[in-house]
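Heads up, the next two complexes both have subunit A, just with different partners, subunit B and then subunit C.
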Partner chain A sequence: MILAPDIPTERASYLANELPRTVEVSSSSQFDLDVPIEAELDQRHFAFGEYFLILERYPTIAYYRRTYELEIRGWNVRLPWQRGGEISREIIRKFLFLLRKAERKELSKHEEREWEEISRQADYRRFCVEHAPAIFTEGRLLAATPADLEIEWHDGTKEVVPRSVAKSLELLNPGESFTALANFGEGNKLVSISQVAPAPSAEVIDGETLWRSWPSNRS
Partner chain B sequence: MRKYKRPPIVERAFSVGVQIDEELFHRRIEEWKDLLQKSFPEMETITEWQIKVTQKDGMPSFDQNHQRMSLKHRFWKGGQSNRDKGIQVWRDRVAFNLVGGPANPRHYEELEEFSHDWLPRWADHFEVKTLRGITLEYVNFISFQTVPKFASENKIDLKNILNFFSNLPGPGKTLIPPYNFEINLGITETPPMRFSAHLQNIESQPGSTLALRLDFKATTEGLGRKISLDEVKNELRLAHDLILQEFEAYFTVQARDSFGPYDSGT
Partner chain C sequence: MAQQPLVVEFWDVGQGDCSVIHLPSGEIILIDVGPRGNPISGWLISHGNIRVHSIVLTHNDADHIGALNAVVDGARSRIGTVYFLEDRSRKDDVFVRLVRRLDTAKKCGEVTNIRRLEAPRVLWSDSNSGSSLEVKFPPVLSNIMAPSANETAGVLSLSIHSAVKILWASDTTIENVAAQCQGSRPEYLVGPHHGAPADRGDKRALAWLKSVSPRKVVVSVGSGNDYKHPQVNYIRDVRTSGGAVVCTQLTPRCENKRKLRDVIKSHARLGLPQPNSGFTCRGPIRLTLEGGDFVSNDTLDVEHAVSILKLKSPRCVEPF
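The block that comes next holds the complex of A and B.
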């Protein structure tokens, strides 16, 4: 067994990171303080509250030593270095504000250019699918196993979902129909479901049956 | 094994290395924060930088290809002024920290119980089944406060504290600051372990007390190594025992006598 030569040292100790330490670098010239230090952030998935955004590549963060500011390159976002832990919030916030403005066609010329760049960096389609509002839907519970529930949607498609995703459907017995508000993710798979209510079976509300049973002057 | 009433240990940190899918980790971290909110109310996300400085055309420069930054999530039980028990989370590591101070070394059993409570919850939340191994770190302070018999406010008699320096080779025999010493050892047992000892100055304000830090670290982490959660307790105990053995070997008899030894069987 080869022990990893690159296991980071002094990472887990709190005091090791809190106590000041200096590493001297000798040079015949001075550092140019106007040139920011750029580093690649080692994550491209960002979560804040209910929002989750995936970038196509790892973002670059610039640190300006004269102003003690961080900049998320290509996002036109700057923040004091003490707020570096809020990078996820700032990225999602910027994306969401521009997205909503773009949807309302309220982007200024400058914001249009920003949005063009940012929407290219982010997985825009996935964000929209995941954060689309819940839609009204109808279906029928076909079967229930200890792990999964089988559903037939109103258009006849069938889907097996884990119980954890559709807990409230456990109120129904197999064969019973329901209406609900549902969120669908990639591949039109059910992501969450709420406001489940028992409904008459599809046969009962079948349009043809309803038409024939509709009262008329001849009846 | 002897125990000590006043060992110079000021922090005990236990961590495990792991590989978690990037998307899964970031999707779950917000819920993890919610889970810890009640028990560890002081939460912060901070940046960590790995900076590499090179020389280019006679100028020190930061090579853009080698600079890395990451976000670390820390959760503390106490407030800003009382950070004595905390959990730190990275995508590839979780650490459990017990921070004490002079005359407050905390205890291994406390660390074991702490991790026993929270490691399974962390593993369950992030769907962790295997680990790269474990790492245990003890931070010792060597100063007027922890070894008063051998140190004054501006002088530390290191030769009488650490065996390593009691018989220096060569004509020079007087150790003077700055102190910086590191040694890494491979322990070929089962599981294979690596032990390191690192002595360094603690930078302080001009006029304040001279102090050194001696870190002991034992790790079973290795490239390609996989252990289950059930194996953690045993490896943690082995790492602790190794550090205790090295502690006995590194500190002189006189120094250890000053830590208030007692028989752990009594």
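The block that comes next holds the complex of A and C.
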């Protein structure tokens, strides 16, 4: 999913499931097997299944030669060397595990410190926006051109969206109101819309009639 | 179910207001729901086990109620009472749509009750913690007579053993907050009007603020707001009156527009969703009732205090 149709965003790298490429940043004597070799992972975009996470800096990987393990620095994740291709999976697993605990206010003191470090590295806003559930929305199709559709949302704000984003709105005639499920991206711009259904227009609802049956504390 | 501590969260919803009160029973109260597209409705969808005791709409501008239809849908059939104000013309298109949505929700059973927000009224109370949420304003007459929507905006207080701890001032004036809550000395005052109350330029504004004496003023504001919120003279008056100001988002008042960035990453730390626009200053604030006082997250407070010193002109701390 892209954040918004007209905002240039960093393209996702789906090389995440390939073996990681690293650039060595520190080394030690070949005889000192207890000191790990550190390398910077040449990758900030991590994808696994439906999840996609971007880090704000390249993570550092430490290679332990005595135990044949690698560690993602600051993430408290250790893996055998032969599972190096699972770094994306492990990063996303750790991120989601701590996020769910943070949401439920269940982090231990130790996990709180881990989460502090990890959340500092992650592009959390983008993660939230891209993984937010579609929400119920109402609006009215104002106009349609060959390229764009103009929508007035229920709160009175107007937005012009490319047809490619709001294809399902082509179901409507200009002037018609609708309900739908929508995702909004950067700057609250429409990213996707589904389950569009025509709805009665606000204009056909007489406010006064509606108010007559309205509950009141005063009565 | 075991009783949980009373928790109050001032959410960062961009330009707009939304607070979530987590009650000891596990239910929540929403005070305003923020603008369209903010993360509160998605949060309600993903927390499908939480019942909404009530939704209190203090003001019917889009930055307070824009997400209402999504919230009603997201928390379907889990909403107790919706309190709302009649604060504008019955011919106002957007307002009629709101009323219609609530009307439909009531008829479908998505919302149990709909009540007008009128003072005096206790919306919720708990004898164990001695806490109560009350409507301080508007009474019926003020609501009817108000010349504008802002002047009938709701004022709410959360008290512990009759001592006012938190005041929500919506979009009202400082004069009105002073009239309703003189001498209350709350720990937190939310607003009014996103740090730009209409009477901020009045010569008596400082005196009114002093008569209320909030310890902290929470300004729920969006980085991209076009109204130049928060206003510098209001921040100055709050500080002169002995209070501190914290803003949910960073604005060009404090940093060059091109250099705006998240000051701290408080959303992630609190496990709350970040909105799709704006840059965090203090971000959301979570207060937990402990021993009769509301305490916030010390680590985040310290981190924020250190980080804002790196800004170009942080109005909440720089000398004036």
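Some notes on this structure:
One rule holds for everything that comes next: the second predicted complex is superposed on the first by the 176 of 219 C-alpha atoms of A that agree within 3 Å, B and C clash if a C-alpha of one lies under 4 Å from a C-alpha of the other, contacts with A are read in each partner's own complex, and residues count from 1 in each chain.
Keep in mind that, in the parts below, a residue touches a chain if its C-beta (ideal position, glycine included) is under 8 Å from a C-beta of that chain, and two chains touch if they have at least 3 such contacts.
Everything numeric here is computed off the predicted structure, so don't read it as measured data.
Residue contacts after overlaying the shared chain place A:V129 against subunit C, while subunit B stays out of touching range.
By the touch criterion defined above, A:I61 lies against subunit B but remains apart from subunit C after alignment on the C-alpha atoms of chain A.
Legend: residue contacts after superposition of the two complexes on their common chain; A:A39 is shown touching subunit B, with no touch to subunit C. Look at A:A47: by the touch rule set out above, it reaches subunit B but stays clear of subunit C.
With both structures placed on the common chain, the touch criterion links A:K105 to subunit C but leaves subunit B unconnected. Contact with subunit B, but none with subunit C, is seen for A:G84 once the two complexes are overlaid on the shared chain. Listed in rising order, the residues of subunit B touching subunit A in the complex are 10-11, 13-15, 17, 22-23, 25-27, 29-30, 44-47, 49-51, 53, 55, 58-60, 62, 64, 67-71, 83, 86, 88, 90-91, 93, 95, 97, 99, 132, 135, 137, 139, 186, 191-192, 194, 196, 198, 200, 202-203, 213, 215, 217, 219, 221-225. Residue ranges on subunit A touching subunit C, taken from their complex, read 99, 101-105, 115-116, 119-120, 122, 124-125, 128-129, 132-133, 135-138, 153-157, 184-188, 202-203, 205, 207-208, 210-211, 213-218. For subunit C in complex with subunit A, the residues that touch the partner chain are 14, 35-37, 39, 41-42, 45-46, 62, 65-66, 69-70, 72-74, 90-97, 99-101, 103, 113-116, 118, 121, 140, 224, 262, 265, 267-277, 299.
The part of subunit A that touches subunit B in the complex is made up of residues 1-4, 7, 9-16, 19-22, 25, 27-29, 31-32, 37-49, 52, 54, 61, 63, 70, 81, 84-88.
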